[in-house]
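Each chain gets a letter, A, B and C, in the order it is written, and its residues are counted from 1.
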Amino acid sequence: MRMGKEIKMKTYDALSKQFEYVKTGNGFAEIPSENILECTEWLKNEAGYDYLEMITASDHNEKFLLVYTLINVVDKTDIIIRTSVPREKPEIDSLSNIWTGADFQEREIFDLMGIVFKGHKNLKRIVLWDGFEGHPQRKDFKDVI
Amino acid sequence: MEIAEQPFIPSLNEADFYEGSEIKNLRHDSQAVIPDDMDWSDETVKELNKNIILTTLDDAINWAHKASLWPVTCFTACCTFEFIATSMSRFDIARFGMEVLRPSPRQADLLVCGGTLTWKMAPQIKRIYEQMAEPKWVIAMGACAVSGGIFQDSYAVVPGYNHIIPVDVYIPGCPPRPETLLYGLETLRKKIDHDKCEWEKKSK
Amino acid sequence: MSFKTEEYVLNVGPQHPSTHGVFRMRITLDGEIVKDVEPIFGYLHRGVEKLMEMRTYKQGIPMTDRLDYVSAINNNWPYVMAVEELAGIEVPEKAEYMRVIMAEMQRISSHYLAVGSQMNDMGSFYTVFMYMFREREKLTDLMEMVTGQRMMYNYMRFGGVSQDFPKEFVPLLRKFLRIFPKYMKEYEDLLYDNEIYLSRTKGVGILTREDAINISTSGPVLRSAGVDFDVRRDLPYSIYNKFKFDVPVGKNGDVYDRVWIRMEEMKQSASIIEQALDMMPAEGKYQTKVPVVLHVPEGKTYKRIESPRGILGCYLESDGSDKPYRCHFRAPAFINLTALKKLMVGQTLSDAIITFGSVDLSMGEVDR
């Protein structure tokens, strides 16, 4: 829908004007991992993107790539944000204090990929049993019986 | 006078870790398959029983068992819905005496295992099997229950229910059609026909 | 006279007499009032996302069927759309109509199951469930005529669908749609004036609008709170912008609204199927030709559809080879589960079980 695309482009422009570290282009916005809380709070309170749809992570040898998608329920558009954390120190701020919907998704990413979310109130394993060793979704996972 | 020991009540977090170590030990111990009991179909093993009272008693007791098997509802995944469709009005299992699905294992004698078994769920299935009273039978329904199915090489899936409990009848399919499930139940009833009055060989 | 009371932790274990699947809750009770609930799942975690990285793209389609096993065709769709976008495959128009018809039929049968198991939880002991299975068997027969399978259809392919409609299919589908309103009237007469049903569902399990957006719920749970958002109409995919249909929105956010929304959605799905049957071209290809071993160029994409439970999305990353690099599914039932704590606390235990049934879980999707 053309109107939705225009609103999306305007949001990306406003975002890069507000914070200078944002890089936009190719349909997503790329930000460094320390500023994720600031950026998403601005998007929620000022730009109207108050519905957090999905958080996911993937393993790219030296770094982990994290993807967030947000939806504006009134204007009917969506926006994608990407960030990355280094493999030796996989830590990032948690969004579960602002959005309750991020709670289980972050626990699942901690369980399967091993990324630690700082500030999460109850970060423990969710789909695998307590006492399982390793993080299965990583590319170098070896199963020990 | 002896003071009775306080029962050990762990906190919720400790209980989770106990469950985790139970799963780990079960996984370590269950790498081999429990062998199937094939004596019932082997002609040389059956001995001729010349006593007419005992054979008539055998027939009567086996008829009572096979005509009113009560299954316990323990369904994990997709094969559930084919079992439920079999128990609805189109393919009726009430005509075999099985319409009473008991939620409690102590009141049932048939465990229909439908769905993939994961290592996290395995101790609970073993506990349900041990809570059932003798005589009891187990049907493994679906490809995931027979051998792990499409998820066989996953890190969290038990490759078949016969690593944990002994199985009587295997039904293949993904999911098996209701007609296949009824044929499997008919095979179980034929197997029950060959049971004898001694119950000791059934318990493990 | 005052009583000394204590709180009691009750474990509603992974094996229980309802048809929702292996789900476990630890409920802290004070008398009959629920004080806290902690959901525990993972008893059906099969590692589907890791297994899909070890299979080729085409071998991944049957694995997606087994995620939300109650409505199986809807799970193929976002995965197939994501691969088509990355590989640049076009879908012919007749195939789009066929996909829409099968998906809407699956939506009707999934809602039948949801409302039927909700009535089970309320104590009607399989009466309404058995009547709803009568229709579900008719729909399953129609789908078996097209795909050859009763439950895990494996019907969509890259660039279309796998088989054409046989010539008996369309007249039988039209006959089903002619008697469908009579069945719906039967259920409405049975339920909507029933005093026990009204007193058990009105005012129970209320979710406010701010909470529904904050918890990222979707589907009937979000629409019952008053938020007018449906992916088919607002962020349209495939050919949904050609059909005219209403989106039912609730007012109070209680259990009555959710069941009412599901019944209304079934009627809207039937009208979409009729419009699609009238507009479908009679001639045309049903699948574009695609190489047997498909190599997808590098890229990352995310596609979403509206499944009967909410927003189902597929995030796909590829690195140029014939196997996916990373494939993640945004499961609606997994995220709707977060709302349990808000919904169940403060009610009696029997109302809490009904609220849990109205969220409509499917454990294959929650655990993946």
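Note that in this section a residue touches a chain if its C-beta (ideal position, glycine included) is under 8 Å from a C-beta of that chain, and two chains touch if they have at least 3 such contacts.
Just so it is clear, the structure is predicted and the values come from calculations on it, not from any experiment.
Undergrad: Line, ring, star, complete or other: which one describes how these chains touch?
TA: complete
Undergrad: Count the C-beta pairs in contact for A-B and for B-C, then report the pair with the higher count.
TA: Of the two interfaces, A-B and B-C, more C-beta pairs touch across B-C.
Undergrad: Determine the centre-to-centre distance between subunit A and subunit C, using the mean Cα coordinates as centres, and give it in whole Å.
TA: 25
Undergrad: State, to the nearest whole Å, the distance from the C-alpha centre of subunit A to the C-alpha centre of subunit B.
TA: Subunit A and subunit B have C-alpha centres separated by 44 Å.
Undergrad: How many angstrom lie between the centres of subunit B and subunit C, each centre taken as the mean Cα position?
TA: About 31 Å separates the centre of subunit B from that of subunit C.
Undergrad: Which residues of subunit A are in contact with two or more other chains?
TA: In subunit A, residues 128-129, 136 touch at least two other chains, as defined above.
Undergrad: Among the residues of subunit C, which ones contact at least 2 other chains?
TA: 42, 45, 47, 50
Undergrad: Give the residues of subunit B that touch two or more other chains, as numbers and ranges in rising order.
TA: Touching at least two other chains: 120, 155-156.
Undergrad: Note which residues of subunit A are touching subunit B in the complex, please.
TA: Answer in residue numbers: 128-132, 136, 141, 143, 145.
Undergrad: For subunit A, which residues count as touching subunit C in their complex?
TA: Residues 1, 4, 50-54, 56, 58-59, 67, 69, 71, 73, 76-78, 80, 99-105, 108, 112, 126-129, 136-137.
Undergrad: Provide the residue numbers of subunit C that touch subunit A in the complex, in ascending order.
TA: Interface residues on the subunit C side: 41-42, 45, 47, 49-50, 211, 213-217, 227, 229, 234-236, 300, 302, 304, 311, 313, 315, 317, 325-326, 328, 330, 334-335, 337-338, 367-368.
Undergrad: Can you list the residues on subunit B that touch subunit A in the complex?
TA: Residues 16-17, 19-21, 23-24, 27-28, 31, 119-120, 155-156 of subunit B touch subunit A in their complex.
Undergrad: Within their complex, state which residues of subunit B touch subunit C.
TA: Counting only subunit B, the residues touching subunit C are 12, 73-78, 80-82, 84-85, 88-90, 101, 103, 115-116, 118, 120-121, 124, 128, 150-151, 153-157, 174-175, 177.
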